[in-house]
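Presented sequentially are two complexes of subunit A, the first with subunit B as partner and the second with subunit C.
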Partner chain A sequence: MKRRGRGIACMWYPIGFTVSANPSAATVKMNEDGTATVLTGTVETGQGSLTVLGQIAAEALGIATDDVHVVSADTDTTPMDTGAIASRTTYVTGNAIFLAAEAAKAILFEAAAPMLDVKVSQLEAKDRKIQVKNYPQRNVSIGEVALRAQAVLGTPAIGSASWNPPTVALDPETGQGKPFATYVYATQIAEVDVDDETGEVEVLRIAAAHDCGTAINPMLVEGQVEGGISMGVGMALQEEMLFDANGRHINPNLTNYIMPTSLDMPEITVDIVQGFDPTGPFGAKGVGEPTAVPTSAAILNAIHDAVGVRVYSLPATSEKVLTAIKAKRAAEQKQIPA
Partner chain B sequence: MTDVTMTINGQTRSASVPPETTLLQLLRENFNLTGAKLGCDVGDCGACTVIVDGQAVNSCLMLAGQADGRQVLTIEGLASREHLHPIQKAFENSGALQCGFCGPGVLLSAKALLDDNLDPSTQEIRDALSGNLCRCTGYTKMIEAVQEAARLLREESRTQLTHARPEVATP
Partner chain C sequence: MNEHSRVLERDKLDIAEPLSDVELRLPAVLPRESYPIETLTPDARQQTRAVGQRVTRPDGRLHGLGQTKYIDDLSFPGMLYARIKRAGIASARIKRIDTSAAEAMPGVMAVLTGKEIPVNSFGPSFQDQPVLVDDLVFHAGDGVAAVAAVTEQIANEALEKIVVEYEPLPAVLDPVAAMREDSPKVHAPNSNIYATKTIRKGDVEKGLAESDHIFEDRFSTQMIEHVSLEPHAAIADWDANGRLTIWATIGRITLARADIARTLKLPMSRIRIIGTIVGGNFGGKNEISQEPALALLSKKTGRPVKGVFTRGEEFTSTTTRHPIIMDYKTGVTNKGRILARQIRLVLDGGAYCSWSETTLGKACILAPGPYKIDNVLSEAFVVYTNKTMTGAMRGFGAPQVCFAYESQMDDIAKKLGIDPLEIRLLNAFDEGSPSPTGQVLHSVVIKESLRKAADRFDWEPRS
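Up next, the complex of A and B:
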């Protein structure tokens, strides 16, 4: 008989390690046609980070994301980046790009102030223009300002910056300290059906609420959450590297290493809990790895809710769940006084 | 050596290859069509999916000789120079691919489905994509994208029908 259960799991996850240097550097160049070029050493692996980094530069410069050309991941020519690792790109690389864009913007403001006859502090960059705050009708196009900065004033609008979450050593005696710059939080709830005759588990629904600070690109955040959940479903129920007695990996292929297909995926609801972290670019933190953290715990809790058994080793295969169900039944039988 | 001739993306192509050559090898190595990917070479992952005579197949499991005389569509043949195919457009708009390695296969599995059925249910979409493993996306946005593509294609066929309707003389 199929039994339904629900389980919940919460997590926090650290973003921007501080126990050793963790820098990102970036260069932002404002072009005379109003576009900008961003140079970053980080690498895109499909998560969409170059889009998000382009959005950060665009927002800082008051231009459109389409106006930004991001050049990445060439160790010969792009500035150093610690890497697309540890869910750090939006936060650490994003901060470097934000600072580089601000430096380029400062040069633009210096050039634009005399053009608009105001002080630098009265200017803002918006809608592809440098304009006077509260008087947007007094403006010059950002491309024109960039051209003037380089061709008349001899100060091309280019900014370079690096950002490193302040490195703080841990206490050598206690191992305590502040190992990360910031943290994200999430809760996922899983609903499952467990067949108590076969031990088979089907994940029906997962609701995932994630804090990532400001979600700079909500669609990409959702993509990360959904992808992380698929990894969590695999970890909970299917995926296992098997080794023989000699330590040889015996399932190094997709025939025997089973991962979720489109048929194994539950219906997913993603709730992005908007927060704001003052240390991140426009309040953003990160989202990559945290998405896979609570899923298996939520599923295993749901299994417990459905059939009352705890499985303590992953993946919770049908065999393990059924064995646990049988053990529970046997224990209950024993308790019945003769 | 086996001589093979087939229509690939509308063009007649021929090659002479050892008989054990798979269709995937033929496409990638002889014709330099590297859109279809080699993920596992044993039919597990679907990264090599192409369409042969209207059916999505794992090209790593088909011999080049078996495709002789048939119509093959690879990802390179899906978009035109002017625009993306509606399925590609829908995938792009919904952010349905991340690293993209599974993409050519997923898109062609989706195309084979939609060529047959312009109004598939979620379950039918899940079934059609079940042979395409994706490590990144969790499939959720892909399923939404196929639904969106189906909508776009239905609209397209409706407008084509209206345009194609012959003038009927009003009595």
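Up next, the complex of A and C:
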């Protein structure tokens, strides 16, 4: 008989890592038509990071995502970056790009101030224009300013910057200190059906609520959460590398190493928790890794809720769940007085 | 229009109305109508409040049309194909490698062994990993020789012709047994425990003594592979000027260049690493693997050399997720407040350190959970075994410890008759709470996330 259960799990996760400094550097080059090129040493690994980094540059420059082209991952041309690791790209590389864009923008403002007869401090970049704060009708297009800065004033609007998260090394004895600049938080709740005759677990739905500070791109955050949950389902129920007594891996193929397919995926709802981190670019933190953190715990708690057994070792395969159910029944029967 | 902008008229570029994005794109091979993919760019990409927009990815269209060029889609004139012979034995001394039969095969252009690598070790924390093993085998997925041939088939056949004689050594497979003094050493004479971490806050003994209930459990997790769609792949081209270009699926090109410079004794200015679009990383591609071997094969042959791992190599010869044995002892009050938590983590570190130090640190710091606990002792050990190396993987130890602390949390809730949501809200961090390392936390929204998920799920309290 199928028994339904629900399980909750929450988590915290740091952004960036702590072994030593983990800086990023970036260059932002304004083109003379008001578009921009960003140089970054990070790598697009499929998560959409270059899209998010382009959005950060665009926001800082007051232009649109389509106006920005991001060049990445070439040690001859792009500045150093600690890399696509530790959920740090949006936060650390994003901050470097933000600062580089601000530096390029400062050159634009220097060029624009005499054009608009105001001080630099009175300017803002918005809607592809440089305009006077509170007097948006006094404006000049960014392209015009970039062209003037480069072709008339001889000061092309190029900015470079680097950023490293502020941390305090841990005391080697007590481990006290500030290992990470910031953390994100999340909760996932899973609903499962457990077949108490076979031990088979079906994950029906997962409600995920994740904090990432400001969501630079909510659609990509949702994508990360859904992908992380698929890894969490595999960790909870299926995936395991097995070794023989001589230390040889016995299931190095996708026939015998079972991982979730689309048919194993539950219905997922993603909520982005309102948050703002003043140390991140436009309040953003990160989201990549945390999405895979609470899933297996939530599923295992749902199994416990459904059939009353606690599985202490992952993955909770049907065999393990069924063995635990049988052991529980045997223990309950023994307790019946004669 | 003011005076300054009028002056600029003559300098203006003649691009008054640029062509639209759709007009600029190359047409697809088939008529556009036949693709079931939306080809128009949504307006979000044109918005000038760029942050917060649901912007589509510029690479999405190429992915959707199957036109993204991954490394296996690239080729160069005269390019050779490399394959690596794997040890297939977990622990051994190499007595002899005979590559002569392989070298004599038509179509085989070069064979490389570990002894030919200038500095045969690398690693992000400890340089304990050889590019190709030369003396000792540390795990069954180790490479013992590499072949470059005109086709992949010939390279595969050449691997069969390479004869390696091993003297088997005792293998250490169980991390707990590996911690014992008398255990054989994976990297003798060094201890198998290659890194430790301790987080101590308050007085855990006192906290446990003051608790109404003590919960003590052991949890354990398994070894997991990232299983990226695209395997590890690289092309190395050593040109006539002695400059090396590598196209690689590496997520950290800055570190990769440093590692390649070290292993090949090359100045960094002679190395160019181009990170191609990567078909999934999840932490599995954060360090070099076959790249120095490909570079040396290219140097030997004067031709570009491509290497693409098989799915089997992805499992046995690349990093994986750490299995962790987790002992949790937690003291709580009758009302469900956690007073003390004592944790001991043993991470199976596999044959090489890789990103174990980072994983150890994160697991140890995160292990108490997102809860206000005054008394914490968290100790973590990472141990060498003769198995596939463990390293970075999405979450760096956090999914493992979350499974432990959240499983125990539900057991505590059940025993005390408290709703699982309530007990978490009771203990969760607030803005300004100190973390286990004494860090004052800011932008803390754990309770908001609990409430939001509970609302979405329609969580009804029950105890």
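Here is the rule we go by: the second predicted complex is superposed on the first by the 335 of 338 C-alpha atoms of A that agree within 3 Å, B and C clash if a C-alpha of one lies under 4 Å from a C-alpha of the other, contacts with A are read in each partner's own complex, and residues count from 1 in each chain.
Note that in this section contacts are C-beta pairs under 8 Å (C-beta built on N, C-alpha and C of every residue); 3 or more make two chains touch, one makes a residue touch a chain.
Being a predicted model, the structure only gives us computed values, none of them experimental.
Student: Just subunit B (first), just subunit C (second), both, or neither: which does A:214 touch?
Tutor: A:214: touches subunit C, not subunit B.
Student: Could you look at A:254 and tell me whether it touches subunit B, subunit C, both or neither (first, second, both, neither)?
Tutor: Both: A:254 reaches subunit B and subunit C.
Student: Answer with first, second, both or neither: which of subunit B and subunit C does A:268 touch in the superposed model?
Tutor: In the superposition, A:268 touches subunit B alone.
Student: Would you check which partner chain A:230 touches, where first means subunit B only, second means subunit C only, and both and neither mean what they say?
Tutor: First partner only, subunit B.
Student: Check the residue A:83 against both partner chains and state whether it touches subunit B (first), subunit C (second), both, or neither.
Tutor: It touches subunit C, and subunit B stays clear.
Student: Is the number of subunit A residues in contact higher for subunit B or for subunit C?
Tutor: Larger number of subunit A residues touched: C.
Student: Touching A:196 in the superposition: subunit B (first), subunit C (second), both, neither?
Tutor: Touch status of A:196: no partner.
Student: Could you pull out which residues of subunit A sit against subunit B in one structure and against subunit C in the other?
Tutor: The overlap between the subunit B and subunit C interfaces on subunit A comprises residues 45-46, 48, 219-220, 228, 231, 253-254, 259.
Student: Touching residues of subunit B toward subunit A in the complex: what are they?
Tutor: On the subunit B side, the touching residues are 39-40, 42, 44-45, 94-95, 97-100, 125-127, 129-143.
Student: Within the complex, which stretch of subunit A touches subunit B?
Tutor: 45-48, 219-220, 222-223, 226-231, 253-255, 259-263, 265, 268
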